[in-house]
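Two complexes are shown next, each including subunit A; its partner changes from subunit B in the first to subunit C in the second.
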Partner chain A sequence: MERIIFYILSIIIVVFAGLSVVNRNIMRSIIYLLFVLLAFAGLYFMMEFNFLGAVQMTVYAGGIIVLYINSIMLVERINSPLDVAKLWRRILAGVISVAGAIMALFAIWSYDFTEVGDESSITIQDVGKSVLNYGEHGYILPFEVISMLLLAAMVGAIVIAKTKKRNAN
Partner chain B sequence: MILGVSIYEILTVSTLVFFIGVYGFVTRKNLIAMLMSVELILNSAALNFVVINKYLFPGNLEGAIFSIFIIAVAAAETALALAIIINLYRRVMSLNTDELETMKY
Partner chain C sequence: MIRLSIFTQIHEWLYSLMPASSAHILELVLIAAAYLGIFAILGLLLVWLERRVAGFFQLRLGPNRVGPIGLFQTIADALKLVSKELTGTVKADHFLYGAAPYFIITTALMAMALIPFSQEIHAFDINIGVFFIASVSSVGVVGIFLAGWASNNKYSLIGGMRTGIQMISYELSIGMVIVTMTTLAGTLQISELIEMQRNGWFIIQGHFPAILAFMIFMIAGTAESNRVPFDLVEAESELGAGFHTEYSGMNFAYFFLAEFVNLFIISSIAVVLFFGGWLAPFGITDGLHIPFIGLFWFGLKVTAIIFIFMWFRWTFPRFRIDQLLTLEWKYLLPINMVNIVVMALMVWLGLIIKF
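And now, the complex of A and B:
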């Protein structure tokens, strides 16, 4: 059962990732990206990282996609299709990607992973205690650094996007 | 771990998504579309962290917390990059990479 669901999710991920990369309508390709992110959240839920799946769904599928859609509607002409690259460039990119994928897959499948079959599930309490802990396996310092980074990014985004009105020229 | 699914299959999925993102990053000519390909790459990296945490080091939390940090950094990066893109569109009235020749004013 889990295997079937995993394969369905993987097919959704790969197919919609490919569609979002090649589709010429940018609104459609952002919606395909939304499907990919939701399927990733499904994989996290299947691996019982519930908090991570919830973060993926709220921050990525909820926040970032809405940010993209807003800026696309501000900036882009939605009905005009995107430019495509030249044919030789697409072929070159395809060859590079396929070669890289084959190389990485060869490295992965030839490496002998020793899987540890432990069925201990990780709860949200564990994640919270680990993030706010300053002892061993505690991540309070990166957590604070990330909060400062988010604040700086927010202020920077406001300052950059809010320019003076364009002159009359 | 997911019942009946080995680590190799999940790593295969993340590898495929990574290289689809690389293909999109090279072939797209629109800045926002290029940024979407970067999102695919970041997601496959986060999935790698989670999978290796779950299958090889269960009981630890490093991979999951690192993935949360990856998501936070991706949110910051997206907000900033879209702000830059909107500002650039105001100046150049285009998002095509061929027409964005100057970043200075």
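And now, the complex of A and C:
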């Protein structure tokens, strides 16, 4: 049963990842990407990484994809298909992709995977404790606080750079 | 976990009938079918309730001809919608146009699985419970964006963009209210959340910050389910019908049903987070062995919350989009952030009310 679900999810990931690259309609590419991300969330749920799966759905499917859709709506000509690149560019891109794929496959095959047994699922309490952990693999909370600071800096930059409204009389 | 005898009987009967693996799959299919049924019935009932409540607030009767007190009116409407022709625009992106309703339906159904109708009727008790509902419903926004964009209609596009922005903004408030209540509870699992409220509901245990969180939740929930006074999505006077202008027949009905089921889900989260889920008030029916008593209390509480949402709908005038965003980002968000800190202090200093 689990094996079947795993293969279904894997096929979804591979097929829609390919489609999202080759499709010339940018909106559809994004939706195919959404399917890929949701299938990844499904894989996490299958491995009982519930929190990670839910974060995947919230951040990637709910956040990033919506951000993409919003930013694409600001782009011109979203209704017409994208231009096809020149031939030598396509060849170059193909060569680089194949090289990357070979490298990744080589890394995967040379790595010695150890089988993990049925671990009990990670609870939200574990996640909370590791966020506040100051030992090894710790210091997540300060890291997140720094990202909040960066966000504040970005908002500040936008506010400063924004042109003032002209007072139309 | 104590199971109702009828469900245990069905479970055992299935397993005695066939090998374990196929019985398991059949059970999953049966549960899915049952939830689809609940989905449809809930949607129809809530539409009927909405119209009756509207009648009540406007000093008229509402639907009262088809069946007893008009109960079958919405079924007749649904039959009419099924028999209607599906129309669409020629220049629309047909794949996305067709897919959009299913995004919304699927996310609503996935969130439904988490709803604890009673101690026994609870399909999926995952350990991240409430967070899972929030994360699933954040995917539903994509469906509305798609419906707005793929219709190839300016009104739809504007409606879709408005909803998208509104739902993203107010999701934040709902998430923060969940964090506030989780600070009090110390768990996200729905069955544990309810069990902890056996000695006083969270709205009493958490007193001041919990009441504030409940008020914010009601506002954000109204916005999240796109209801008046936040129904800019389908502001009839401005946008036709918003993102579903171009949809007809059953595709339109999907949006319509999903909207009401989302209302039910929001109300259920409110009941779970603040009013003790399927627990009886003051434990008055705890000793008695009445079947489906949990379902009764849960239904009663959810109906009360839904009634308040409907009350809002027929009381307040619509907001403007800038007012809506100002309310969220300049008022609710800072209040929420302070509220989380206050709640954390209360829990830390032991100032919560415990019986």
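Things to note:
The working rule: the second predicted complex is superposed on the first by the 130 of 169 C-alpha atoms of A that agree within 3 Å, B and C clash if a C-alpha of one lies under 4 Å from a C-alpha of the other, contacts with A are read in each partner's own complex, and residues count from 1 in each chain.
Keep in mind that, in the parts below, contacts are C-beta pairs under 8 Å (C-beta built on N, C-alpha and C of every residue); 3 or more make two chains touch, one makes a residue touch a chain.
In this text the structure is predicted, and so the values were computed from the model without any measurement.
Three-chain overlay on subunit A, with subunit B and subunit C fitting side by side and no clash.
In the superposition on chain A, no contact is made by A:80 with either subunit B or subunit C.
By the document's definition of touching, neither partner reaches A:133: not subunit B, not subunit C. Once the two structures are overlaid, the count of subunit A residues touched is higher for B than for its counterpart among subunit B and subunit C.
Of the two partner chains placed by superposition, only subunit C is touched by A:123; subunit B is not. Once chain A of one complex is fitted onto chain A of the other, the partner contacts of A:62 are limited to subunit C, with no touch recorded for subunit B.
Looking at the shared chain after the overlay, A:160 reaches subunit B, while subunit C stays out of its contact range.
Contacts of A:94 after superposition on the shared chain: subunit B is touched, whereas subunit C is not. Between subunit B and subunit C, the minimal CA-CA distance in the chain A superposition rounds to 14 Å. Touching of subunit A by both subunit B and subunit C, each in its own complex, is seen for residues 1, 51, 55, 63. Contact residues of subunit A toward subunit C in the complex are 1, 25, 27-28, 31, 34, 38, 50-51, 54-55, 57-58, 61-63, 65-66, 69-70, 73, 79, 121, 123-125. Subunit C contributes residues 21, 24-25, 93, 95-96, 99, 126-128, 131-132, 134-136, 138-139, 141-142, 145-146, 149-150, 152, 157, 161, 164, 168, 171, 186-188 to its touches with subunit A in the complex.
Taken in their complex, subunit B has these residues touching subunit A: 1-13, 15-24, 26-30, 32-33, 35-37, 39-40, 43, 46-47, 50-51, 54-62, 64-65, 67-69, 71-80, 82-87, 89-90, 95-96. Every residue of subunit A that touches subunit B in the complex is listed here, in rising order: 1-3, 6, 10, 13-14, 17-18, 20-22, 26, 29-30, 33, 36-37, 40, 43-44, 46-49, 51-52, 55-56, 59-60, 63-64, 67-68, 71-72, 74-76, 82-85, 89-90, 92-94, 96-98, 100-101, 104-105, 108-109, 113-120, 122, 126-127, 130-131, 137, 139, 142, 146, 149-150, 152-154, 156-158, 160-161, 163, 166.
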